[in-house]
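Each structure below appears as structure tokens.
Here come two complexes built around subunit A, the first alongside subunit B, the second alongside subunit C.
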Partner chain A sequence: MKKRGIGIGCAWYGTGYGNGFPDVSSAFVEIHDDGSATVLTGAVDVGQGSNSIYAQIAAEELGLESQDICVYSADTDVTPDSGTTAATRQTYNTGNAVLKAVRQAKSRLLDYAAREFSCPTIEGIELKAGYIGIKGDPSRRMPLADMVFKARLHGQRLISAESSTARSTPVDLETGQGAPYWPYAFGSQMAEVEVDTETGMVSVLKVVAVHDVGKAINPTQVEAQIAGGVAQGLGYALLEELELQEGRIKNPALSSYLIPTALDVPNIEAFFVEEAEETGPFGAKGLGEPAMLPTVAAVINAIDDAVGVRITSLPATPEKILHALAVKKEELAKK
Partner chain B sequence: MNTTVVGSRVLREDAWGKVFGQTKFPADVNLPDQIYGVVVRSPYPHARVREISITQAMEMPGVVAVLSAKDVPHNSHGVLFRDQPVLADYIRMVGDPVAVVGAETLEIARAAAKLVQVDYELMPAVFDPEEAMLPEVLPLHPELCPTNILYHMPIRRGAMDKGWALADVVIEQDYRTQHIDHAFLQPEALLAYVDERGHMVVQTATQYAHYDRGEIAHALGLRFSQVQVKTLAVGGAFGGREDISLQIIAALMALKTLRPVKMENTREESFYSHSKRHPMRMHYKTGASKDGKLVAMEAKIIGDAGAYASWSINVLRKSAVHATGPYEIPNVSIDSYAVFTNNPFSGAMRGFGAAQTVLAYESQMDLLAKELKISPLEIRLRNHFRVGSTTATGQVLTSSVPLDQCLAKIAPYLQKGEDT
Partner chain C sequence: MNYFQPQTVGQAVNIAQTFEATFLAGGTDLVLHMQTGKIHPNAIIDLGKISELKEIKETDGYLEIGSMATFAELGQSELVFQKALALWLACQTMGSPQIRNQATLGGNLGNCSPAADGLPPLLALGAEVRLISREGDEVVSLETLLSRTPLLSQGTLIREFRIPLKGLQSGFAKLGRRKALAIARLSVAIAIELEDNRVGKVRVALGAVGKRAYLSEILARELSDQELNEVWIEKGIEGVQRVVREALGARASAPYKREAVSGVFREALGTFIPEGGTKV
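The block that comes next holds the complex of A and B.
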């Protein structure tokens, strides 16, 4: 018989290195004559799309389009140290560093523009849709490129170097008390499974995942990050296990160490919740690791809901499920 | 906040190159005159290397060099402590690199690697973390800690006796998680060479180019300013590219031979060249009052650090800090341990110690709900963190805790189809 079950998993995750370790990212920025800009940062884009995120952050701040920004990263001869691409820290930490650096480079342009526009404060100047002009007076604006060109002709150089450091403190060694991480990210997922009581096989039919991202800088990338996390979580819950014999790996191949394939990954509905994290760039916090956390729990709880057995060791293989079903049957028979 | 570019579905700049196969991964870059490096790895989990004989390997036509521990200027690297050898003469795990062969072709390098003769003095090994914790077991890193317990983190909050007195329902259960591999699709690969400036250049896929640069410079005795680490496209990482894998070995070979060195792991080699997710044994005892509020929790978490420290201290700290789940529990006692064994070393992997505890704390929530005869959703709604909540470490969550919104969005989906 194939029995259906649903389960919920919730998780939380303190992002950043934490525990008072200096969690610093840096960025260099230059705004060019034609109004385009280059961002240099040490942050490695490991395929999650951080370079695109920095382009969006810089473009937003300069009133440009994403393609007007060149992001070059992770070359030690050129880029400043931005820490590891780990700990769910690059959107938040390096994103903050990029934003600070862009603002610094931009501030020189604003100073110059304020004088050009006879505006006594840079607060009266805005960058929007490729133009720089007076807030509230659309008739007084010029293409950003023209203003940058003028500023540079007068010897201004719109370059900057900035760093951003996340906040955290070491916990007490005896009581563990302290504020070790900030910010925390939250998420909740549900899984619907079908358990075959004859074979012990679990099919995951659906996963719905809702994650707290502060602000989705790129919703497509958020959804992709969630989908990848769910797939990895399913592997952790149901398939993956390094088999060791006296420290030797018995299955060092993808034919025997099983990871989910497209056929194992169900329909994933990915949602995000936006409640701005005030310390993050445009309110954003990281999502990389949280995306995979609740999946295990949702699946294990769904298996229990389906067939009434509690799997307490990962992965939940067919053997473990059949064994648990047999034990349960025996116990019922005794009663 | 009103934004236009932030919040939009901008197409990634790297998308087209990946779709059309134009993106350069480290396996795709080559230089004329390059040699190929292959690592000789230990088949034993705990041993001393008495002697390495390279004569036979060197006699093979096309072999350029065979290097071992004695050829490494400063033979160590590591993210927290430099406890991991570049090329080992003391083996702590199967797969520890013992020698590297450089040859004109990959085939010759692989064949010659089989001819490197290593005389091992075998030592007793320990694979069970609880056994490794016993004081009589030989410590694997006496220079770091006198026993195999690398790290213990206690969390104490409230008063346990008071907490258990308030509990109407108590669930006590053991949980276990397994060793897993990052299984990124692109095995480790790199190109290392001394360029026209006399600088060491390493083109690779890593999670932290600046860290790699520092470790290469340290091991080879170079200035940071003489080492360039350039990151090419990364085919997945998930924490498995945080520790050094082949970077120093390849740079060493390039420095010794002054030839560009190409290295690329097979899948099997890849399994042995990076960390694993910590397997954990977790004992949980959680109590709730009749009204479905959590009142007390005790947890003991033992993480198998394997053969080297890597990030184990930080990982087990993260396990402890997150052990309650996103729930308010006034009385908490948690102890987490990181323990050395002769298993493959454990390190960073997506979730970093907070992934394992989810199995335990979320299973406990469902088991408690069942006892209390309330729904899994309901018990979570009654206990989850919100703005102003205090965590087990005493941290007050001052803003941005929208778990209520996450659960509200999930709630309508909590329906299942028919059995068949």
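The block that comes next holds the complex of A and C.
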């Protein structure tokens, strides 16, 4: 018989290396006289899209389009170290480094432009839609490229190097006090499953996922990262199992170490909450690992809701589910 | 290593004999075995250019399927859907779209994995296999062929499958660990003569419970010539569990498979009998 159930999982997660470990990201920036800019950073884009995030951060700050920004990343010959793509830290930590570097290069441009426009303070200068000019006076502006060109002819170079260090203090081992992580990410997911009581097979019908991302710098990427996290979480809940025999891995191939296929992944509805993280670039924080954390609990709870058995070791294989159902049946018979 | 690409069956058989060569069908098993060093062929005969081996057609009382017909071609064939539903169903879930585009029914038999998805439906439907070698043609029932060791003598080519069109209703279900790219842990194919609510002859074939797929004589005996009703379905489930229990003995997978086969049997019935798939 096929039975359906619904489960909820919640997660909170400290992002970054944490516990006082130096968590430093860096970036070099140059604004060019063709109205473009380059960002160099050691952060590795492993497909999650960090390069796009840095282009968007730089473009936002310079009043340009993200396609005007060229991001060079993860070339150890030329890019400054930005730590690992791990710990859900690249949007927040390296994003902050990129923003600091862009602001530093931009401040030189503002100084130069204020003199050009005979503006008493750089506060009166704005960069918008590819132009640089006096705030509130559209007649006094010029293309950003032209201003940078002028600056270059006067010997100015709009380059910068910055780094950003995350807040983190070690936990006091005596008192348990401290601030090991900053910031924290939060998320909640619901899963609907169908359990076949004869075969123990679990089919996940739907997952709804809601995550607090501070600010979604790229909403499409946020959705995709949630979907990827859910798919991985489903594998964690139902399939992935490293089989060891005397220390050797018995299933060292993707034909035997199984992850979900497209057919195993249900419709995923992704939502995000934008509660600005004040220390993050434009209010953003990371999402990478948090996206997969609530899935396991949601699925295991849904199995419990469907057939009334509690699976306490992962993955929840059909064998374990059938065994648990048999044990439950025996216990009921005794009563 | 020599590589041949003959245009005719006759050429293929001659080359096979002369060079002690291995036939290459879709290659989804053979190439992997070569890569892992499990086999080292003297020569390879690629059958991909022999067009007659790809034919799927109906001729006087038989559905004839060339050994080089791919799972994708079979799974998209209206003829197979109409005449051999169990096989058509097996072709929907085998491997992945990429593998189904490449893998052939003949290769499925040639490799003869315990979990081969194509074999239980062919067994249930009473398929015959036409073999050809330098000695000549031989038509043998798949059931008989699967009892031979080795399956095929050197130089023997699987030419086609012949499914007698006796108006059997058939269905198939398999249990894998996931919904695609899953090796069958259990598969059940059922073919029955059905008139109104009366079941005539019944053939049940099982995959992944022995070294090769096989037909269960016990189930044929116990389930044939009866009324189709809930009692019959439960009798079938009880029977198939007993058969799997006896076949697997003390194997590690036995406790699970002998339970789970009930759901697979029920699902296989449900693919062609509306009331078969639901537990009342």
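Keep this in mind: the second predicted complex is superposed on the first by the 333 of 335 C-alpha atoms of A that agree within 3 Å, B and C clash if a C-alpha of one lies under 4 Å from a C-alpha of the other, contacts with A are read in each partner's own complex, and residues count from 1 in each chain.
The working rule: a contact is a pair of C-beta atoms (placed from the backbone, for glycine too) under 8 Å apart; a residue touches a chain by one contact, two chains touch by 3 or more.
None of these values were measured; they are calculated from a predicted model.
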Query: Superposed on subunit A, are subunit B and subunit C clashing or fitting side by side?
result: fit
Query: Is the number of subunit A residues in contact higher for subunit B or for subunit C?
result: B
Message: Taking the superposition on A as described, I'd like to know which of subunit B and subunit C A:313 touches: first, second, both or neither.
response: first
Which of subunit B and subunit C A:335 touches, first, second, both or neither: neither
Message: Once chain A of both complexes is superposed, is A:208 in touch with subunit B (first), subunit C (second), both, or neither?
response: first
Query: Who does A:199 touch here: subunit B (first), subunit C (second), both, or neither?
result: second
Message: For A:11, using the defined touch cut-off, is the partner it touches subunit B, subunit C, both, or neither? Pick first, second, both or neither.
response: first
Query: Regarding the shared-chain residue A:1, is it in contact with subunit B (first), subunit C (second), both, or neither?
result: both
Message: Is A:242 touching anything from subunit B or subunit C once the two structures are fitted on A? First, second, both or neither.
response: first
Message: Once both structures are overlaid on their shared chain, how near does any Cα of subunit B get to a Cα of subunit C? Whole angstrom is fine.
response: 8
- prompt: Do subunit B and subunit C touch any of the same residues on subunit A, and if so, which?
  reply: 1
- request: Flag every residue of subunit B that touches subunit A in the complex, lowest number first.
  value: 1, 3-10, 12-14, 43, 45-46, 93-95, 125, 127, 153-157, 173-181, 183, 205-211, 213, 224, 227-231, 233-239, 241-242, 267-268, 271-272, 276, 314, 317-318, 320-322, 325-326, 334, 342-344, 348, 350-352, 354-355, 358-359, 362-363, 365-367, 376-377, 380, 384-385, 392-397, 399-403, 405-407, 409-410, 413-420
- request: Going by the contact rule at the top, pick out the subunit C residues touching subunit A in the complex.
  value: 96, 175, 177-183, 255-256, 259-260, 262-264, 266, 279
- line: Per the touch rule, the subunit A residues reaching subunit B in their complex are 1-14, 17-19, 42, 44-47, 49, 51-52, 55-57, 59-60, 64-67, 71, 73-77, 79, 81-87, 171, 174-181, 183-184, 186-190, 192, 194, 205, 208, 210-212, 214-221, 229, 232, 235-236, 240-242, 244, 246-249, 252-254, 257, 259, 269, 271, 273, 275-278, 282-283, 285, 288-289, 292-294, 296-297, 300-301, 304-305, 310, 312-315
- line: Within their complex, subunit A touches subunit C through residues 1, 196-201, 203, 239, 255, 258, 260-264, 318-319, 322, 326
